[in-house]
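Labels run A, B, C, D and E following the written order; every chain starts at residue 1.
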Amino acid sequence: MFHERSSADAADIMPEMPAIRLVNVNKWYGTFQVLHDVSLTVERGSRVVICGPSGSGKSTLIRCINRLETHQRGDIIVNRVELTDQLSKIDRVRSEVGMVFQHFNLFPHLTVLDNCTLAQRWVRKRSRKEADEIAMAFLERVRIPEKAQRYPGELSGGQQQRVAIARALCMNPSIMLFDEPTSALDPEMVKEVLDTMVSLAEDGMTMVCVTHEMGFARQVANEVVFMDGGKVIERNTPEAIFSAPSKERTKRFLSNLLH
Amino acid sequence: MFHERSSADAADIMPEMPAIRLVNVNKWYGTFQVLHDVSLTVERGSRVVICGPSGSGKSTLIRCINRLETHQRGDIIVNRVELTDQLSKIDRVRSEVGMVFQHFNLFPHLTVLDNCTLAQRWVRKRSRKEADEIAMAFLERVRIPEKAQRYPGELSGGQQQRVAIARALCMNPSIMLFDEPTSALDPEMVKEVLDTMVSLAEDGMTMVCVTHEMGFARQVANEVVFMDGGKVIERNTPEAIFSAPSKERTKRFLSNLLH
Amino acid sequence: SDKPEFASGGTLKVCTAGDFPPMQYYKNPGDAELIGFEVDVVNAIAKQWGAKAEFVVGDFKGLLPSLDSQRCDLVASGIMITPARLEKYDGVPYFGSHVVLLVPSTDEETKTPEDMSGKLMAIEAGTTYEKTVADLNATLASAGKDPVDMQTYPSASGVIEQILVGRAASTITQDTTAAFRMMQMPDRLKIAYTYDESETYGIYMRKNPEDRRMAKEAIEALQQSGEMKALLAKWSLPATSTDVAHD
Amino acid sequence: MFDFNLFTTAIFGWPLAKGALLTLVLSVSVMAVSLVVATFFGLAAGSGKKPMRWLIGSYVWLFRGAPALLILLFVWNGLPQLSPVFRATWFTPFVAAFLALMLIQVAYLTEILRSAFAAVGKGQREGAAALGLHRWHTFILITLPQALRIAVPSLVNEFISLLKATSLATVISLKELMTVTQFAIATSFRFLEWYGAALVYYMLMVSVLTFAQSRIEAVLSRGHR
Amino acid sequence: MFDFNLFTTAIFGWPLAKGALLTLVLSVSVMAVSLVVATFFGLAAGSGKKPMRWLIGSYVWLFRGAPALLILLFVWNGLPQLSPVFRATWFTPFVAAFLALMLIQVAYLTEILRSAFAAVGKGQREGAAALGLHRWHTFILITLPQALRIAVPSLVNEFISLLKATSLATVISLKELMTVTQFAIATSFRFLEWYGAALVYYMLMVSVLTFAQSRIEAVLSRGHR
């Protein structure tokens, strides 16, 4: 089991330490077990794609990584910090881990621009001007700078999703968790977003991405994790998993991709 | 311009009457024009797929069809009823038109089963028992009968989307409007849902579906409508539009599908 | 000398509650000057003694004790003369107040309380008048007549309002209050019946037979000069109100 | 010092019980009628046309603004001067108090319900409309349960305030719980015993309401996380 | 019949203005302190541990249950008997009224805020938390604005009720607006003029509140459809 150290020098001493490490994580909602002994290691700078059928626990898993859900058994260590109930630790982890929610969770009472600058100003302590510039840069990247002064309720589904992506990226997190970040997007926009993610990956960002966009998996993932029924069924490189999945369940699932 | 007639005998007299007909529909949100002179005819029993970039007005268009949005200019005639402010007409149209929302719009205070039976009992006047049976049949079809007694807030994104589909289908509408019905689903489930839709199409249901699942378009659509910037850019059969789109914009958009 | 020791300084400190029209009250809230019948009487007495009355307003219950603390020399506040009070203080009775039955001025029939049979009376809650009505109802019942319908209100002004509204046929109150209200609203109210029972108001001071004698003489002088009658007329009080024994 | 016997006779005695009953019957009937009226007002204020909104806004402004005491006095003393209808015998203090308190309560409840209805997302109404549910079914089955979940604590607040406000009706000669208590004290001068007994009655009524509130909230919160 | 001169002197006269000022200062200070306390209570009641919830539940039960009159009398007459601290000169009727009304107001506001906080979806807090915002930032910037949008009408309800309830403080000899009015009427018997003047004051205060409410609601509703 790992214990936290002053993060600055720890990074120098142990560069090999993984960004995220889950050891035998178990989680229940009431009596319903969502995660069964999930273990996963995400190296610094690597890109992991999680896929699997609906309801298999993908969202729950990545929500556990920044402790939006508490796990009941096992260890989760993020950025050398073990996640417990200690609030200061959780805050430290969250300020380094960005997240794009499946349901976006935009703030309806703030404009698109304010959605993107709020945390920059309060967490990163950036000036209003600096925050605005960064936000506009990302909004341009996702092609909605013209909606900056609108409210989330006035956007189409796909536009909302793009705001959610921009909002998370504005914080320059070292780790990003994406929960189906392209579900509401059209193919053109999907390509745009995936391109953005590829360039972030090239800059060395650690990424965990729940997605069924196998294009993305093929292009940038170091590893694909296939989940079903709360268990990790198979982990492998994209090439291996797409060409020759070792498990029958994986094979059946992936066959639908190529119909 | 069409005027309503008693719907029962009208159906016998004029079987050629289209299920949905839009003539030069214009719509503004404040000063922002979302729909520009949109015209569209959907014949009874036909399947129309609407695609186009994010924010192009697809959701708005189908929301106009059952008058969740009011259009400012042009005519919309659904099931031989012209949509005006007259409430009784709107209710008549809505009871025949089912809809699956992009954001699901499930009722959080009702169980999954109650979500599916509520309208059956109050609109279709079915008995509790009959409604339950029908609902369970559809929940089985979308593979979540075991969640019948849960609340929407306890479901994963994909599970919620499937409930939304089941809820709409329970009403046996003669026309279905789908707004990206498979966005939150994994490939396996997408196939499952598309199969369901295919079988409904075979039973003669009229369908308008916003989707970027080109598999569905190829398999069942009679027509593909490509929208951009609130305008209908191109309409054609799937074969024609996929193999040889006539407009440059369409070509560019579709090129991303096949990357 | 012809004036009490306490009046020799030229000012006469008089304690009063200041909330009992028309005896003593403020015309408007926030006014500095008290007015009223009793105020006029005290001023007249002070004038006889070559002094000026200075009114000290305080809570009714604390009036008599402030004689002991020398915060005042006289208490004049529509205060009843009772044996218990006379044990501790000297008092000069000078005003007799009767209980009256007040009816709208349009009422020609009512002559006695029994005429209220079957009608509605508005009564101030928590007063002895409630018992008066209860006794009346007992009399009516034994005579085989309909009882009075009684409604109680929390304030004296509230009950009179009921007569003005036209809901209540009558109310029971002191003749002083009745006189005041009738003066305020001419031609709206009248007294239909005056009960036998009366209360006697007076002026209290610290025990001192000399002072008491001079106060009594001052009042009697007012009576004789006709000044008292003039004041009674000014405040529309019954002309016989001050015809009481002063011992 | 504290006369326990007097306390128990006060509690179990007829006068206080009668006062409490009056308080209870008056508040419950005012609340019941006001809830229904305020529901319509709240709906109209939230979705209606401009003149409708303006009308209800003025109503709320007037009846939240004017002190209850004045409204009670106006209804009891003023209305009979305006119309002979209100001089008839049916216009008892109870009826007048009911009318006055109802007018006021409607204003307060309208505000609560209006904002609670607005708090239920538009998507919910759209979801129901798309299923073909009629406006009223949508309201009763979808909007109302979700709005009430938010509104119930405020509604119970107003109910309790009303329970206490009935004591103002003493100015129109209604002998409810607090009036009876204060008269008892005025004659007997036993503060502790009588106020104690009244307190027991009030706490009893409020306890029942608080319990009902928590039950209703629990039922309506099902499914909400 | 209606003496317009008296009416204007009543309105512009010092006594009524003084009474109104007292009413205003007392209500505003009670409301300000109660809002802060109730915010903490509301948060604790909604998210806290069981014993905390239970404690706040009991507080609310007690202070919603007991009539304001009794609490005022208890604070003014009872506390000095419990501790000499309350016999010092700083313990004026104003302070006592402030304390008593504050205790009550906190109970009512806690209920309103608790339910408003609960009405803001969990997703909003999660969205903020995932961005690294601290609990307090999340509360102030995300939860509170959305909760207030729902709560403001109810909060203004309670503010207005408080404005009226200060008149109860007459039992501890505080001469606020309604007390002054009633004294004036007892002597002058000019109901219409004095009540009219008091009404003007109340309507003025409530108008300001109503206007503030509509502005705040408009600001907080931005983006909500």
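One rule holds for everything that comes next: a contact is a pair of C-beta atoms (placed from the backbone, for glycine too) under 8 Å apart; a residue touches a chain by one contact, two chains touch by 3 or more.
Keep in mind it's a predicted model, so treat the numbers as computed, not measured.
A.B. asks: To get from chain B to chain C along touching chains, fewest steps?
C.D. replies: Between chain B and chain C, the shortest chain-hopping route counts 2.
A.B. asks: Touching both chain A and chain C: give me those chains, sorted by label.
C.D. replies: Touching chain A and chain C alike, sorted by label: E.
A.B. asks: Does B-D or C-D have more contacting C-beta pairs?
C.D. replies: Between B-D and C-D, the larger count of C-beta pairs in contact belongs to B-D.
A.B. asks: Using each chain's Cα centroid, which is most distant from the centroid of chain D?
C.D. replies: Looking at centroid distances, A is the chain farthest away.
A.B. asks: Which chain maximises the distance between its CA centroid and that of chain E?
C.D. replies: Greatest centre separation from chain E goes to chain B.
A.B. asks: With centres defined as the mean C-alpha position, give me the chain C-chain D separation in Å.
C.D. replies: Whole-Å distance between the two chain centres: 42.
A.B. asks: Centre to centre, by mean C-alpha position, how many angstrom separate chain A and chain B?
C.D. replies: 31
A.B. asks: For chain A versus chain D, what separation do you get between their C-alpha means, in angstrom?
C.D. replies: Result: the chain centres lie 51 Å from each other.
A.B. asks: What's the distance between the Cα centroids of chain A and chain E, rounded to whole Å?
C.D. replies: Averaging C-alpha atoms per chain gives centres 46 Å apart.
A.B. asks: What are the residues of chain A that contact at least two other chains?
C.D. replies: If we look for residues of chain A contacting two or more partner chains, we find 103, 154.
A.B. asks: Scan chain C for residues touching two or more other chains and write them down.
C.D. replies: If we look for residues of chain C contacting two or more partner chains, we find 155, 161.
A.B. asks: Would you please write down the residue numbers of chain E that are in contact with two or more other chains?
C.D. replies: Those would be 149, 191, 224-225.
A.B. asks: Run through the chains and report each pair that touches.
C.D. replies: Every touching chain pair, ordered by label, is A-B, A-E, B-D, C-D, C-E, D-E.
A.B. asks: What part of chain D is in contact with chain C in the complex they form?
C.D. replies: 77, 80-81, 87, 93, 170-173, 175, 179, 183, 186-187
A.B. asks: Can you name the residues of chain C that touch chain E in the complex?
C.D. replies: Residue list for chain C touching chain E: 19, 21, 25-30, 155-157, 160-161, 181, 184-185.
A.B. asks: What part of chain B is in contact with chain A in the complex they form?
C.D. replies: Against chain A, chain B makes touches at 29, 51-55, 59, 102-103, 144, 154-159, 162, 180, 183-191, 212, 215, 252-254, 256-257, 259.
A.B. asks: Using the touch definition up top, name the residues of chain C that touch chain D in the complex.
C.D. replies: Touching chain D: residues 122, 125-126, 151-155, 158, 161-162, 165-167 of chain C.
A.B. asks: Tell me, which parts of chain D touch chain B in their complex?
C.D. replies: Touching chain B from chain D are residues 123-124, 126-135, 137, 141-142, 145-146, 149, 220, 222-225.
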